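Below is the structure I would like to discuss, written out as C-alpha cells.
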Amino acid sequence: MSKKVVTLGEIMLRLSTPDFKRFVQSDSLEVTYGGGEANVSAALCNYGLNGVFVSKVPNNAIGQSAINHLRRYGVDTQFVARGGDRLGIYFLETGASMRASQVIYDRAGASIADVDASEFDFDKIFEGADWFHTTGITPALSDKAAALTLAALKAAKAKGVTTSIDLNFRKKLWSKEKARVVMTELCQYVDVCIGNEEDADTTLGFTSEGTDVTKGELNLDGYKSVFKQMKDKFGFKYIASTLRESHSASDNGWSALVYDGNEFYHSKQYEVRIVDRVGSGDSFASGFIFGLVTGMALGDAAEFGVAASALKHTIPGDLNHATLNEVKELVKGDGSGRVQR
Amino acid sequence: MSKKVVTLGEIMLRLSTPDFKRFVQSDSLEVTYGGGEANVSAALCNYGLNGVFVSKVPNNAIGQSAINHLRRYGVDTQFVARGGDRLGIYFLETGASMRASQVIYDRAGASIADVDASEFDFDKIFEGADWFHTTGITPALSDKAAALTLAALKAAKAKGVTTSIDLNFRKKLWSKEKARVVMTELCQYVDVCIGNEEDADTTLGFTSEGTDVTKGELNLDGYKSVFKQMKDKFGFKYIASTLRESHSASDNGWSALVYDGNEFYHSKQYEVRIVDRVGSGDSFASGFIFGLVTGMALGDAAEFGVAASALKHTIPGDLNHATLNEVKELVKGDGSGRVQR
Amino acid sequence: MSKKVVTLGEIMLRLSTPDFKRFVQSDSLEVTYGGGEANVSAALCNYGLNGVFVSKVPNNAIGQSAINHLRRYGVDTQFVARGGDRLGIYFLETGASMRASQVIYDRAGASIADVDASEFDFDKIFEGADWFHTTGITPALSDKAAALTLAALKAAKAKGVTTSIDLNFRKKLWSKEKARVVMTELCQYVDVCIGNEEDADTTLGFTSEGTDVTKGELNLDGYKSVFKQMKDKFGFKYIASTLRESHSASDNGWSALVYDGNEFYHSKQYEVRIVDRVGSGDSFASGFIFGLVTGMALGDAAEFGVAASALKHTIPGDLNHATLNEVKELVKGDGSGRVQR
Amino acid sequence: MSKKVVTLGEIMLRLSTPDFKRFVQSDSLEVTYGGGEANVSAALCNYGLNGVFVSKVPNNAIGQSAINHLRRYGVDTQFVARGGDRLGIYFLETGASMRASQVIYDRAGASIADVDASEFDFDKIFEGADWFHTTGITPALSDKAAALTLAALKAAKAKGVTTSIDLNFRKKLWSKEKARVVMTELCQYVDVCIGNEEDADTTLGFTSEGTDVTKGELNLDGYKSVFKQMKDKFGFKYIASTLRESHSASDNGWSALVYDGNEFYHSKQYEVRIVDRVGSGDSFASGFIFGLVTGMALGDAAEFGVAASALKHTIPGDLNHATLNEVKELVKGDGSGRVQR
Amino acid sequence: MSKKVVTLGEIMLRLSTPDFKRFVQSDSLEVTYGGGEANVSAALCNYGLNGVFVSKVPNNAIGQSAINHLRRYGVDTQFVARGGDRLGIYFLETGASMRASQVIYDRAGASIADVDASEFDFDKIFEGADWFHTTGITPALSDKAAALTLAALKAAKAKGVTTSIDLNFRKKLWSKEKARVVMTELCQYVDVCIGNEEDADTTLGFTSEGTDVTKGELNLDGYKSVFKQMKDKFGFKYIASTLRESHSASDNGWSALVYDGNEFYHSKQYEVRIVDRVGSGDSFASGFIFGLVTGMALGDAAEFGVAASALKHTIPGDLNHATLNEVKELVKGDGSGRVQR
Amino acid sequence: MSKKVVTLGEIMLRLSTPDFKRFVQSDSLEVTYGGGEANVSAALCNYGLNGVFVSKVPNNAIGQSAINHLRRYGVDTQFVARGGDRLGIYFLETGASMRASQVIYDRAGASIADVDASEFDFDKIFEGADWFHTTGITPALSDKAAALTLAALKAAKAKGVTTSIDLNFRKKLWSKEKARVVMTELCQYVDVCIGNEEDADTTLGFTSEGTDVTKGELNLDGYKSVFKQMKDKFGFKYIASTLRESHSASDNGWSALVYDGNEFYHSKQYEVRIVDRVGSGDSFASGFIFGLVTGMALGDAAEFGVAASALKHTIPGDLNHATLNEVKELVKGDGSGRVQR
C-alpha cells in the first residue's frame, strides 16, 4: 500500500514572463501554482505516494484554481481550509547566462498567514501517515502560521510520524534573529533536516565558512563541520543539503551531501542546462523523502533526490513532473537524452 | 495650448483570462494596467490633452510596469510616488450572454492605500491645471487615501481648478455608512458629479426608486428626482450619469443623462455589442470632461462622452483607445462600421 | 453528506482550432478533454456532488492527462482502468453565423472500446451510490463497450441505484438498426431517459413528426407524442429532452421539455449567444440529474438543467464550469450579465 | 477536367491584430497573405478548379512565404515572377459594433508595381485557360502594373479566354480621374464586370444616386440605372454587384444584384455575424466566376457567389475556405449552423 | 532541368508541447505534419528539386491539412491517395539536458496502412524520375504497406530509377524477426542504404559490437565491419550512417560515415545545440540524396548531408528548411552564426 | 540633475518569428520597435538619464505605436516629427547553433528618409543637452537624412555638446565609396567614435588586417593599428569597439577595446549564452556613453558598456532593459545568475 506523506505550507499563484522576457516587457504572464511544500506534495504523488497537502486558501476562484492545480497532479486537498483574503502571489522572470532570474514576492495578507490550528483536524490528517514535511517558509509567514507549524509537528510526533523540515530561509519574510528563535524550537520535533547553503547559518546559526555562493565553488569541509554541529545540537537522524555550483543562470552543477551522524555521502554531480530552476530544492526534498519513506538506504535516497532534482531543472513550473522511471534511469546513468519513442 | 487635467487615484495590475475562459480554466492571464482614475487620464491624453496622473506605486518592476503602461499612452507620471508594498491587482473573467463578467479584487495593502499627502507637491501638480478629477474608489481604499483625496480637492479648489468626481461605490472596500460620511465631505469641493445608477444612493443617500439594475430597464424619472436632490444639497454645476440597459453580458444599451440644474439632456442611446465593458464608465467620464474642458456645450459634452464610451465597449483593456476623430464621427452618426482603408 | 453519482463512458482528447479558424488554417490546436459522460461527472463535482467516473484510458502520458483533467475538477478517477492502445480524439472547429461547427471523430481503437466488465469492481463502485448515468455513445463504441454498459446498468439496479441514460445517437459509430437492438435492451434498466430531438427516433424508433432540425422550429406536440410512446414501452420514471432552436451557429434558442407520465413541463426558453455549444446536452443532463438527486421537484430540476446548460454555451471547452450559485441566480431570473465585482 | 482560371494581381503580407486589439495595443501580429486577386485564385482552387496566379514577389523569404501560402491552398504559382524590392503589406485591425475595422496600406514600392509584361509568357499562361480575372487594384499600383494588366487582358482576349474584372477602386492608390482613364480602356477587353457600390462611380463615372454607404440602406433602383449605363457603354455580358447593409462592424446584410442586359436578379439576402469581412468581395467574385465557368445559370451563379461570400464573413483571413459542399448546402437553405459531426 | 525524386511513405499529424513543457502540463499543442519520407520529399523541394510524395491520407480536413503542409513547401502531392480512416498522429515532448524527448505514436489504423498498390499508377509516378526513396517505417505499418513498398521498389527498378532506403527500425511497429524477413527482401531492390546505429542489427541482423548508444561514444571500427557485411550481402552501391554522440538532450555531436565498397569516408563532426532533433536523420538522407542525384562525389554528398542535418537540429518541426545556400556555406566552414543582414 | 542626451536616427517596426522558427514557418510575428539610435536613447532612460529621441515617423497608428514604445521606456519623444509614408520595417529570424540569425530590411521609403532639417528646432532640442549621439545608419538612409545628420552634429557642436557616432556600416543601404565620403565629413564633428570590426574599414577606409569575422578570432594588434590611424586623422577624444568572438549563433565571447590616444584598455571578456543579440552594439554604446557622461574613467565606462551589453544578449527585443544596478553588479563580478528573491 502506498505511503502517506503529509505536507503543510503555502501554495501561491505563480505569474511568470514568457520567453525570457523581463517584467517591464511582458504583456502576458504564464500561470501556474506552487510553493515549497506544495511542490513536495505534488512530486510525491507523481511517484505514486499518497500526498496530503494541508494549507489555507481564499474562498474564491483563484483559491479554487490553486486547489485544482494540486488535484490535477493527484494531491489530496481535502484538508485545505478555505477563508482569508487572498492567495499569495509570486512573480517570476527567468534569467539566462549572466542575467539572474528575479522573483518578486507578493504574499503579504495571504490566507495561510491568517490561520489557526483549530481549522485543522490533525488526528484525522495524521491517521495512518508515514511522514510529515514542512519548511522554514511556513513559520516565517506570520506568528499564527508559526504556531500552526509547531502544532502540526507536535501532532505528528505524537502520532509517531517521521518529520522533516527544509530550512529555506526567506530574508524578506523575517529576520535572522526571529528565524533562529522560531526554527530552533521547531527543530526539536524534526527527524530529518534539509538545508541549502545559507540556511543553516541564517536560521540555525551554524556557520559554514568559505562558501561564497556568488562564486559557485563548493566547500565540502565547511558543510561537514556545519552538519556535525547540527547533529550535536538537535540530534537529527539525517541531515542533507543540495550543493549548487552556479556557473550562470543557464548552467549549474548540482549534487547533494547527506549525513547520518557517522558518515558523509556526496552524491554524483550533474551538469544541468537550465529550463526552470525554481523548485529544484523542493524536488530534491521530495525525492529524498521518497527514497527514505520507501526504504532506500541513505545514499540511494540522496542519489534519487539529486537525479530527480536535476531533471526538475529541465521542466517548466514549480512542480517536478519527472516520472519515477525517469529518475531511476538517470540514477542508473543514462543522461544521454536520446529520444524515447 | 492643450488643457492640463490632473487625476488622482489608483492604478492596478489587471490579469484577465483569454477567450472567454473562466478563472478555473485559465493557464495564462493577459496583463494590462488600469483603474478608474488612470483610465480617465490615459483617455484624455489620447484626445490630445495633457493628462497628469497622481498616485503611488511600489518601487519594483511591477510598479514600474504600471507607470510604463501609462507613459506608453502619453500620461505624465512624474508625480507618481514610489514606495509601499505592492500594486493592487484585479482579476477579470469576461462573460458572455447570460454569464456575467467576474472581477476579483486583490487590492488590500496596495501602495496607494498607504500614502500621505506630504508625498505630493500639490502646488506644482496643479500649476496651470484646468481640471482635477478623482473617484469614490480612492477615498475608499484607506483613511490615508481618503485624507489624500480631500487634500487634493482642497488644493485644486484653492488654485481655482474645476473639480469632478465619479462616485463609483465599491461595496467590497467600505460600507455605505462610511462612504456617505466621507463622500459627503468630499463633495463640498466638487463642481461636476458623475454617478451611475446605484452610486447616488450608496454613497450619497439619494434614492432613485424603480430601477432594478438586474432588469436593464431605465427609470428616467427616478434619475431626475435624484439629480435634483443632489443639486439641491451640493450645488454641483453639472451632474451626469450613464444609463445602461444590460440585456446580457454581450449586448447593452448605453446612453447618458446630464443636468445643469435647469434642464435634463438625455443623449442618443447606442446598442453595443460588447468586447470589454470594463472601464466604460471611466470612458464616459473622460469624454465628458474632455467636452467640458475644451468648451463644448453640456449636451455636446454628453454626446461626446457617450459616443466615446460606446466605442470603449469594443476595445479590450481598461483604457479607451478610440481616437478623437472616431468619437467625433460617431457623434455625427456614422456607426456603420464600414472598413476604413 | 454529498450525493454519489457514478458515470460510465468515454473521455477523449479534444483538439480545437482557435479564434474561429478552420482546420486547414490552423497551426495550433487547443487541448482539453471531454466526452458525454465525463462532462456529466465533472459538472456534478462542480456543483459539490461526489462524481465517480468509470472508464478506461491508455497507460501513457496522454491517458494520464485525461485523468488529470478530470481530477483537476474534482472527479474521483480511482476506478478508471489503464490499458489498451490509445485515447480517442475529436477535432473541433467552431463555427459562426451560418457556418456550422465541425467535429471530426478519431476514436476508433480507443482503450474504452477494448474493455471487459471484469476490469471493474462494480460492488465497490456502486457502494453508497445514489445515481448511475451513462449515454448511448458508450454502447456504440464496440460490442465490448455495450456489454460493459449493460453490466453496469444491471449492477446499479441490483444495488438499488437510480439510473439514467442520454440516448445520444452517433451515426458514425453504429447503424440505427444496431442501435435500436442494443438500446432497447439497455433501456430495460433505465429510470430516467434523456434524449434530444432525433435520438428517440434513431435509437428507439419513436417518431416525432414535423421537426426539421435544420429549420430550428419546435414541434412540441410531436415531442409529447413521442414521450408518451417511450413511457408506455419502457416505463421510464422521467423523460426529458432539450429543445434547440438553431437560428445560426452563433445564436440559439434553448429550453427543455420534461414528462413524468402525467404532465409535461416546458421550461423557460433562453436565447443564447454561443461561445462553445459542445457539451450543452451533457450540461443539461448533469443539471437535471443534480436537481433530481438532490430532491428538487421535476420542473425545478428541468429549470436548473436548462439554466445550467444555457450558461454552458458561454463557456469554452466540453465541461460546464458554471457554479451552483450562478445557475441558481439564472433560474431566479438574472440574465442581465452585469459585472460581478 | 477541371477548368483553368488565371488571375493577375498583387499578393500582400497581411498583419492583423489579435482579439479585437487596436494597433496601439498590439504586441504581436498575426500573419497571413492575401490580396484581391490572390483571394480569388485560392478560392477557385478550393472549389476544385485549376487556379493560376500571376504576380511578382521579392526574391526573399517574405516573398517565398507569400508563394507558399498560395501553394498551401493549391494555387499554381509557377508564373509568379521573382524580383523587385519588397512585398506589399497591409495592417488590419478588426472592428466590432460601431468601431470600424481599420486598414493601413504599406504597399508602395512593392515588387508587383515594378513589373514588365515581358516577365510573363502569356502564351503559356493562357494555354488552355477558360477564364481570366483581375481587379482595379492592379492597374492602380503603378503605370507599369497598368500596362501589364492591359497586356494580360489583350492576350486573354486573343486566346478567346473569358475575362472579368472587379472594379475595386482604392482611393489611396490613384485619383478618380486617373482611374477613369485607365479603367475605361481596360474595360474594352472585359466580358464580366463586378463592382460594388462606389466603384462604378469612381472608376467608370456612372452615378448611382441615393445610396449613402454610411447608412446601410440599399437603393436597388439606383443600381439598376447604373448597370444599364455600364451595359450600354461597354457591352459587358454580365454585370454584378454585392449589396452590403452595414448595420455595424459586427452585423451586415449581404446580397448581390446581377444583370445580363435584360433582366435583373437580386439574390437572397443573408444576415451575417462577422468574424472577418476582409476579402468578402473577392469571395463573391470567385463564387460567381466558379458558377459561370462551370456552366451555372446567371441567377444560380449569383446565389452561389453570395452564399460563398456570406460564409467568408465567418472565416478569419483573406481567403475563403468554405468548401464547395458547404456553399451548396447554404444555397439550398441550411443556415442553421448545427454542429456537423 | 531539376531532378525528379519520388518518395513513398507516411505523413503524420505532429502534436508537440510548447516551451519544453511535459505532456501532463500542456494545455495547447503545436501542430505540424511530418514523417520520415515526407520530410525527405519536402527537403528536396527546398533545395530546388522536383519532389513527388506518394502516400494515402483520409478524405477529411485533417488529411487535407497534411497535403496542404507539403504543398506549402513545394511537394508534388498529386499522387497522394485519399481514403481510409485517419491520419496517423505522433505526440512530441521536447527534452532538455538529461531529460530525453518523448514520442508517443498513435498511428494504428492510419490510411496509409490500409492501402493497395493498385491505388497508385507507378508508370506515371516514375515517368522521368531520377531517384526513389523510402524507409523501413513504411513496410512496418502493415502487410499491405509492405506489399506497396515492394511493388514501388520493383516498379522503380524496372524503370531504371536509382533507389534508396533508410532502414529506420521502429520497435513499436514490428518485431526484429519480422523486420528482418521483410527488409531483406526489400533490400534486393535497393541501391543506396542508409541506416543509423541500431538499424543494421535490428532490421538486417548485422552486428556492430561495442556501441552503447546511451553513452554517446562512437565505435567507427564496428561500423566499418557492419558496412562491409552489408555490402557483401546486398551489393549496395553506397552505404551511409549518421553518427550521433548524444551528450545530452541539448547537445549532440553529429557526423556521418559513408562507404562505397572500397573506401570509408568520415565526415566533419559538428557540435550542435539542439532546438529540435526530430527529423535529423531524414535531413541527412535528403541532403545525401540531393548530393548524389545532382552529381556530387560521395564524400561531398556526405558533407552536404551532414551539414544539412546539423542545421536541421536548429529548426523546429520535422522538415528541414535550411536553404541550399546555407548548407553550402556551412560545408565551406562558416558556422559562426553571425547575423545575416 | 540627470544628464540630457539627444540621439538622432530611425525607429523601425521589428517583426520577429517566435521560438526559433524560420520565416517560411511562421504564422505570427512578434512586434517590437527599435533601431540603432532609438535603442541607445531607451537604454539611457533606463539608467535614469533624460533621453531625447529625434526622428520622423508616419502620421498613422504604426508610427504612433513606435512612439508609444519609446515613451513606455521613458524616452522624450516630443521632437519626433510626423509625416511621410511609412515606418521602416525589419524582419528578424533568430538563429541557433550554426544557423545564423537573418534580418530582412524593408526600410525603403521610410518617413525618416524623407526629412528636412527644418522640421526640427535644434536650438530647443540641444538646450541644456550634455551629449549628442547618432550612427552611420541615419546618413545612409537618404541624402536628406545625411544632410539632417550633418546639421544636427553641427548644431550640437555649436552648443558645446559632446558628440558621438557609432559607425555601423549597412551594406544594403549604401556603397563603401559613398559611405566614406559622407562619414568622413560627419566625423569632423565627432568627439567619440564607436565602431565594430568591419566598420572602420568600410566607412572610413582604415584597414585592420587579420580578422576573419567568420572565425571568431580576435586580432587585437590589428585593432590598435586602426585606432591609431583613426585618432591621427580625426582627432577623436575616444575610440571604442566591441570585440565579438562568434563561436556560434548561440554562444559568443564579448568584450571591448577602448583608446584615448595614449593607452588601450581591453575590458573583461564575457562568454554569453545568447537569447537575442540584436542591439548588442547599441547597448554597448549606450552603456559607454552613460559611463562617460556621468563622469566615469574611460576604462570604467568601457567595463560598464561591456557588462551592459553582455546582459543585453540575454534580453529579447532591441532595447536593453538591464537595470543600472544589474550592470554595476556584473561589473563587480557577480555573473553567477543566482535567483534574486
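A, B, C, D, E and F are the chain letters, set down in written order, and residue numbers restart from 1 in every chain.
The criterion applied here is as follows: contacts are C-beta pairs under 8 Å (C-beta built on N, C-alpha and C of every residue); 3 or more make two chains touch, one makes a residue touch a chain.
Predicted, not measured: the structure shown is a model, and the values here were computed from it.
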Chain-touch separation of subunit A and subunit E, in steps, is 1
Those chains that touch subunit B and also touch subunit A are C, F
A-E, A-B or B-F checked against D-E; over half of contact pairs coincide for B-F
Taking each chain's centre as the mean of its CA atoms, subunit A sits from subunit C at a distance in Å of 42
Taking each chain's centre as the mean of its CA atoms, subunit C sits from subunit E at a distance in Å of 44
Residues in subunit E with touches to at least two other chains are numbered 19, 22, 24, 27, 68, 73, 102
Listing every touching pair of chains gives A-B, A-C, A-E, A-F, B-C, B-D, B-F, C-D, C-E, D-E, D-F, E-F
Seen from subunit D, its contact residues with subunit B in the complex are 19-22, 24-25, 95-103, 105, 170-172, 213-216, 246-251, 277-278
Within the complex, subunit C is touched by subunit E residues 15, 22-24, 26-32, 60-62, 64-65, 68, 85-86, 89, 91, 93, 102, 104, 106, 108-109
In the complex, the residues of subunit D that touch subunit E are 68-69, 71-74
Note: in the complex, subunit E contacts subunit F through residues 18-19, 73, 270, 272-275, 310-311, 313-317, 321-322, 326, 330, 333-341
